[in-house]
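Each structure below is given as structure tokens.
Both complexes below contain chain A, partnered by chain B and then by chain C.
Presenting the complex of A and B:
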């Protein structure tokens, strides 16, 4: 174990190294680029032996690591914003082939250079596990854990973990680096299942299936696997907490001061950090507001929120993306999760889109409005732009 | 360069599963049969959408249409990472996936000199979707997106010179082949199999449905294509060394190739002459290249 002050992108590269990735491929895009540079530096210095494929675009980077994973080499890729949109097509295939790839998404909004969650949120239908991360330490830890989640036989799905570009990718924080041998005990070598090698008794075919009796079946199986990820994520995070002494809630959600809360805010990524400060200030004024940092967006922590909903008066949902014509994805998920059970009001707040700054004071106002709703007072509007 | 083989040296074992999804007289199905005979069993076959999708006894790695070069790259790098470079990463792609939608990724793989073998069965249009033009379609050919009418004479431009473009990446091996010359095809695929680095064999594969000729005449059409200089058979090593594999004393007139195919039936004498001039000029360059053993463009 050692400590180093490092930026988010270096924490990510360090996680890739600790996970003993064999093949990586990526195309540079701000703010993801320096991950690939840190990895290349590690290789050049002889610290990390892996194969980096310098491709000509994000689409092919996804296809390269997909194929390498199928053969049996643990693989990694990373991108941001428009690069992720360009990867859209093969991403569906990575998940349909049930390949346990891990990808870092360094958030960059799709309408500009600055961070919001519109990049990863636009990929909700691709069948991946989506995790959202708040700080550099969590990037490193999540990168290693993501492989254990992805490679679990019960799910075998690719994992994308997102963290806000600039504010996290380029900001230095002290990070604890676990010892390689401890990580090796936590994360065993990757064994593909099934194997595609021609000498296997029953080599696999990856790709389109023909003549399935029930053409709907692949979707059903995929959906069920994604739902099964919830207990797996919780197990893996519990094991990490036990081995390395750092925990992030139960893996699905990371609650902060919610035990006696009347109103609970939810946030993802770096906004959750500011929201913790806001909660502390609200508490200092005697206002019973708590925070849930959503770590796993897909699968959505339905069971956890249904429990929390039983004892609070209102949720204030902060969305850092908006699907035009539909609304905030977290707000929608929460309303869907709690539909049909008596429970709290669900207020929506758009904040930080296009990289707009979200101040602690903004979140205090969100908390006060949500608390008002929790006390049964009428609040307007139900959803607002902060 | 590849070594000539005799018919007796053609491997007997069939690795392509028939009938597959091919039509009667499908040139590409024959290309698959010959190619995988030559390659043997120790192969991961890579497929992308194409017509017909070859079905063989090998494990198959499918990829998105535009991902042929990248999926081969990932397999080759993965095999290296797990210490299994004995297994060959082979792609069996159509002209759509090589000339057009997958061109960028393949060019990048060639530039990186990935250890992969690309077999292109070139049937000169998007046959999977019903004969729409590709950049592999020859000039004046009628396709479903180049119908003949008062304002259209078929495809407007010459076929993209993909073998020479990939040769210009200075990769170890590029070859053209034809289903009408099976010994030459097998020799080239076998030679390509055992080279390290980027290799590509482009096989002209007549399509009776799209080219609109009698499905019993596939071999005749393919053979006339080679004999008339429309589809010359050659090999290029490292982008420079050149060898012409089939050199008749005299080329057949291109009209003998064009006439049996209804995709060319609308062509005027002047248009046929234009193609004849184009083919003759290119052929003279190939003859010159063969004499000096160097690529001449």
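Presenting the complex of A and C:
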């Protein structure tokens, strides 16, 4: 094991190297671009041998790594904001073909350059697993774990992990780099997988022919696979924690001081880091507020939240994206998760959209309002813009 | 937790300095974080970076709003009150400036230290890259980190000969720094200066970006217009005398004109502070 003070994007490139990726393809867009620059440096220095395919846009980069994964090369791509939107179309195909690809999404908003989660949130229907990451160490660790999750035969789904651009992608902090041999023991070489359903035709097709007259079948199979991802994610994170001594909750959620909490905040990405400081300050004032860092948004940690909901008075949900006319995606997921069980109030907070700085003091106010609701006092409005 | 703010210009290495500080801290067994403030900065534009050093892993992701220390790597920015603003009471402001700390007009409940980092950089590196030349002074004035850890960190970023040159700059600034002394001016003048301006050069005054300024020898100038063609910022006006005249607010001092002049009639002269 060694260490280096490195920026988030270098931690990502290091994770790609440790996962022994064979093929990468990406199109430059700030703040993602330096990932591929770091990969090039590693190649030039003779540290990492892989093939990089230059392309004319994100759509093609997704198609390239899709094909590479299909023929048996562990592959990687990365993008940001509008680049991800341009990748929308082939992303569905990657997931439908059940190709275990891993993609880093360095969050950049779609209404400007600064970060929010609107890019990855807009891809919820593509049938990928969506993980959200808070710090540079977690980027490196998650990158390796993502391959293990994606390549698990029970799910075989592509994984996108997102981390906030600028505030994390360019911030340098100490990162422990596990030894390559240790990572090799954790992540065995990737072997190409056969088509998800056997195709008797000759020549066989990959992904499309379900040999079934029911056109709904591909959706049903896909949905069922996505639903089985939760135990796999938990297993992989538990194994990582055991081998490398760094844990991120149970992989789905990473709770912080919630055991005796009356009110619990939820946040994703870098906001969760600042929220930990906010919780410490609230606790120092005797205010029993906890935090759940949501690590997996898709699948949503329903079972965990149903348990937590039984013992608290209110959730304060921080969303870093908003679907106009619908609202915050986490807030919606939480209400849907807890529907039909008597439980806490669910307050919503929009924060950090368009890259607006989320300060610890902002989160303290969110915590205080949620605590008020938890104590049964009336709070208004139910959902607010911070 | 110790929080540091760094002011500089694109190209002076403020971002690298923040990473060297963060690496040096980790070398001493502490956790750290180096945050660059990214907008549309480029070479010459004022920019800001931040460092946090703590005993435990730093989780905060907001920018540093009330630093314990403020470092300014640029002599012209060092005269701006903004580099001293929002520093914690009793905090230290370290300026790259040839003046004595007692002569600084910066106000507030702050201590001021000065070091002529530009001259040190020109002597040791041959270029006005002041990031390492200010770090030796920082260590001396604040006692936050050890010189050895700074040097160790520098070699990680600049291995070999370049690293050794930078270490020489650190040593020199450690020896030459003056202060810190309590600021004499108590009340800050109410001037709002944004030291992190993005935007486009053509729309704003970039005269403060210059370390060197072009000076035309009109006797040598043949009026061929080569400088006028190559100037990337349209900062040369063609006069009635058929000679180039610099538009002060647009010229960044890049030196392209002097480089392109076929008769070497343009000289880049160090800006007086």
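As a convention for this text, the second predicted complex is superposed on the first by the 372 of 386 C-alpha atoms of A that agree within 3 Å, B and C clash if a C-alpha of one lies under 4 Å from a C-alpha of the other, contacts with A are read in each partner's own complex, and residues count from 1 in each chain.
FYI, contacts are C-beta pairs under 8 Å (C-beta built on N, C-alpha and C of every residue); 3 or more make two chains touch, one makes a residue touch a chain.
Keep in mind it's a predicted model, so treat the numbers as computed, not measured.
Colleague: Applying the touch criterion given at the start, work out whether A:166 contacts chain B, chain C, both or neither, answering first, second, both or neither.
Modeller: After superposition on chain A, A:166 lies in contact with chain C alone.
Colleague: Quick one: is A:274 in contact with chain B, with chain C, with both, or with neither? Answer first, second, both or neither.
Modeller: Second partner only.
Colleague: Does the superposition put A:29 against chain B (first), chain C (second), both, or neither?
Modeller: Neither: A:29 stays clear of chain B and chain C.
Colleague: Which touches a greater number of chain A residues, chain B or chain C?
Modeller: B
Colleague: In the overlaid three-chain picture, which partner chain does A:155 touch, first (chain B) or second (chain C), both, or neither?
Modeller: Neither partner.
Colleague: Name the contact category of A:3: first (chain B only), second (chain C only), both, or neither.
Modeller: The answer is second: A:3 touches chain C but not chain B.
Colleague: Does chain B (first) or chain C (second) touch A:357, or do both, or does neither?
Modeller: After superposition on chain A, A:357 lies in contact with chain C alone.
Colleague: Intersection of chain A residues contacting chain B with those contacting chain C?
Modeller: Common interface on chain A, chain B vs chain C: nothing in common.
Colleague: Which positions of chain A touch chain C when the two form their complex?
Modeller: Residues of chain A touching chain C: 3-5, 31, 135, 164, 166-168, 170-174, 270-271, 273-274, 276-277, 357-360.
Colleague: So in the complex, the part of chain A that touches chain B is made up of which residues?
Modeller: Going through chain A, the ones touching chain B are 22-23, 25, 50-51, 53-57, 59-61, 63-73, 75, 89-90, 93, 196-200, 203-208.
Colleague: Spell out the part of chain C that touches chain A in their complex, as residue ranges.
Modeller: Those in contact with chain A are residues 18-19, 22-23, 26, 31-36, 38, 57-63, 65, 153, 156.
Colleague: Could you pull out which chain B residues touch chain A in their complex?
Modeller: Per the touch definition, chain B meets chain A at residues 41-44, 46-47, 58-64, 66-67, 69-75, 77-82, 84, 87, 104-105, 107-108, 112.
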